[in-house]
């Protein structure tokens, strides 16, 4: 089926394989008139680029974005924005038994059963490189959100057992683990070094905070704002869990604590005394900060010998060569941020037609 | 925006408010030829009906389903199946200050900001009664899945701190808390009694196991099988978190443990040695049991005095009268089951066109 | 597949069979705050009701609409509007060989091949009664359009060879053929009487004029406003052709004639000197009246003996008993009007998010 | 809104502007395992290339397609197929007053009103070059259809008043007007020469015949096979009318003539004695040849002085320089063919899940 598109109003379609000619995205339905240049997008792509620290692969990926359509005279035109990043690394090499064996923890077996064939080069479509399209699209949505006073900010909340205990906004971009807590980042680095020495990998949790979303955004049933955020986040490879607000801990609390009281601030605006809800009630934003978390599994590609089965139906042991990130989390931070930006941007547009009065006001001239 | 529809191949559209004339669902795209009668659906609806124990509201809801279209001579016809349940309780009563005050923990404020008005009777569209349409649709999908050898089974995993420690399939339907562990159910009942005595409410976790799904179902990118399950589950009111397989605990484990080895069983089928993945890798089923969990928040309607704001922008204290379930979990079990059934059924249909060989085989005659 | 839904922003899903329990429609995504009561809808449904002249079937169809959801305190709430009309005529009777024979000119054979079974009672889902849902939805869209200064007006342009030569707006509702030309209506009535006497049926052309649509509505590629209107009209049973503006005659004209010059009116507004385009250029409204036409085939149910094949693969001659409209056109006029109203209403909503400036203006408070 | 995507199962998204960097298409949901190389697509693109006769523009467009993703080891992989054609002609030149004036017969004014700005270079997104993406996608769909025994064949039926009177399949590709009738092609060429001499342009009619579609394809309501074909065809720029089978002439015939009798052929297959229906009844294929027609307006770009208005709200006369096709029809033939191929291919996939028996058969192993 056709499953490479996300969004109801802004429609984001990614394409491309890890070692194919190129990867890209088409963003259809994006409004006309946003000032946009390649640098706006490149800034976000650079945050997911490998080779930036010892915790990320050394693969030389330039990942330079090219705007192919939808921008004219420095502004979006309202027509599909097509963005492309050429793969530099797509030339064939010998994949050995990886070409036919199903790597544990990867989608290889599922792909083979689904499609009857698969592009085994670097995981093909299931590669983390697919997220290039998401990040490019998210960069544009984030820019539009900024013009509406909305900021989307994700960061590493934990790696293995090491959790941040402080939150210093500026710190996130200063350490290679995207943690807004220098001390925790230091400990996490040690933990990762140990993982690497034992040819193993680690997982972690990414948190994303979205500020400035007015109350009333989202939809009451299947397209709840949190339901779309959940789809958006779990659609990122390696995500195995999602929480909104207090998340799983709500299962152990009481209603009298979990219910956030409404009150008025000094300017008479409706605000909440607490934010257990994570900014969303009944699928609709309640005006508070939106807070979501995603649990990321350890990188499945590890250098250890692993037992598996191949396409011929034989058991075998495989070794995955090459250098792989010992942890996916830091590079996935910008992907989480971008998927949230797309989902929120889409919902913001959806709200504009919710009331007859809005429509009459719009067309009155 | 139009957000009351779920599913790409089987399209499920729910409608209706808590105290309106009726609630219902239209299931479009459902294949022709399934034997179906009202009893098949009623059986599922009865599982979510209130008034079945002291832990569920006493409201007299008959919730009898009527098949209005799409079934002829005892079989589905391939045309939209329209199902309706009349509300018996829709007559107006005095809602007091609830009619204009935003109940904490509820969607009232969001609805008001979104639509500029709201049906305040029992929460209107945001009521748990909206799930009647989901359950009715899920019952039909579950019946089709059974014909394909797929079983969907949900149950209460925990309420508050009390977690099941055994799994006895038959026990789930013997206690009012839908726990497959009689002892845990007993303890949970005591905990709930205490909650009720202090005019408070509790949360919990629901787990759903789906057996018999072949490998290869789902999609690699935005429509990943787990992403759709996540959307499906978070779209249920009160769900604040979702996990697939090992869920959030993957953040603390290592790749060498988390990766499930592939091996061959005695008949030469590809199987996995463990199931940390919860049956889904890279968004596609891996042939193992699919395991998902949803965290449910405590019932927001509690009899305690609560502080809030009303539509006129005034702070006030409200008391929510009437009897409410002290815990949503037991009645939500069948809703979780049904949303999973819809999502999996939809993905099963999607796979049938994944390969040119399938299409040529289908049309060869 | 799921094909009973139309519309991108306002999503209209019809359901029901000719002789099932009921027929209806769910309108999701309709904005909150439109004043609406059952009479608003009934007025339109009455225009398609049979039994109103000797040219329409005598079947006693009350076709009374019931609003089941989405309206509260006399206004739309933004949640799905569910509308239902009970069938009075659904009790089983003896359909004779019609139950298994494929009626010429009908969808019977296609349905049987598609679904492997079919509801043979009155055509089931392929009956003209399916349009009840469209008309009910269209009535609501037309009401919203009126508030925006947009009028949708359809009428019979021709029946057989008899074409209107005058256009008197008020006349349409005075004759049973929905012709805005009393003299043509008289001649057409004579032609139809002759058809009926020879147990035959007639076709015709319906024209629809939509006034008040501002320039800039629609989309440049697959969702062109005229492409959606074409889909909307051909989706009505018996429509075999569609024209926009000058339609097929453009094939014989020259660019210098067919191009409409732009000019300024007295108030400085951009207007066109002519309207060969029918109000749509490149899929986007040009501010002029939108003009579309649909060609309707003769009623396929005729009392003559007809040769055909049945489900058992036998040739046979069948006679279709009962009284049928000798012409579909007059009752289809309101269906054309309603499908146009839905398509235009949907496009009007779509335009509201086309520019960043619109979004910033909307959210500036 | 997002309107650049077509298809429910195979999802075709075009992007690109006439004078932007490139144009292209993403085909998502296309089944895995079709043998495919760039030449398969280039063959179709060459048929729409300009500069092939004196009736098409001399613009040097190489229009060489590049496959960027979705094909591996010579076969489609089931993941999005991304195709791109670089524009060679995108360098800025002086567009004079065309940059701000609304060309009569073009979408300029609508674009400006819709988006508040427009890419004036060659019409931008509304250029005929947008169809490059459609043709590339259609070539792939046509190749799949051929494997199922389905042929899609379009040709020029008429130009101005000159209509074909013979049908010689092979002749279509021998004359520059794509007419399967050499004599008519000769006369049409003379007519076009006259048009060109008077700085004018001509219109025409394209017919498309689709053979080999089994009965049962399509859907009964809004997604009728002919409704989708109508949308597909009217979505091509310059199409102002569409007919299925007898089209507009049904308005003048009688039911006894228009109804096609069913009968059995020598092998006992259900066939029709006539084909007034054009192969579709009630939105579903009836097993006969599918026949559709599209009316194409005269090229709006003509060298004569034309009166219009500009963005500043001033009336002016403009002259459109450069050489333009005096008729769009011949180059649009392959576009019509490709849109039909996409629509039919999509519907073929849709049918595979129509019956429970199909699903059980598919999953029985």
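Letters A, B, C and D name the chains as they come in the text, with residue numbers starting at 1 for each one.
Going forward, a residue touches a chain if its C-beta (ideal position, glycine included) is under 8 Å from a C-beta of that chain, and two chains touch if they have at least 3 such contacts.
These figures come from a predicted structure and were not determined experimentally.
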| item | value |
| --- | --- |
| Other chains in touch with both subunit B and subunit C | A, D |
| Chain whose Cα centroid lies at the greatest distance from that of subunit B | D |
| More contacts between chains, A-B or A-D | A-B |
| Subunit B and subunit D: spacing of chain centres that average the CA atoms, whole Å | 44 |
| Length of the line joining the C-alpha centres of subunit A and subunit B, rounded to whole Å | 26 |
| Averaged-CA centre spacing for the pair subunit D and subunit A, given as whole angstrom | 37 |
| Sites on subunit B at which at least two other chains make contact | 1, 3-5, 9, 14, 29, 32-33, 78-79, 114-116, 125, 214, 220, 353-355, 357 |
| Residue ranges of subunit B touching subunit C (in the complex, touch as defined) | 1-5, 7, 9-11, 13-17, 20-24, 26, 28-29, 32-33, 66-70, 72-73, 75, 77-82, 84, 114-119, 121, 124-125 |
| Subunit C residues within the subunit D interface of the complex | 1, 3-6, 8-9, 14, 102, 104-107, 109-116, 125-126, 130, 158-161, 195, 199-205, 214-224, 226-235, 237, 240-256, 258-264, 268, 270, 273, 277-278, 280-287, 295-302, 304, 306-309, 313, 315, 350-351, 353-355, 357 |
| Interface residues, subunit D side, partner subunit B - complex | 9, 29, 31-34, 76, 78-79, 144, 147-149, 214, 220, 348-349, 352-360, 362-363 |
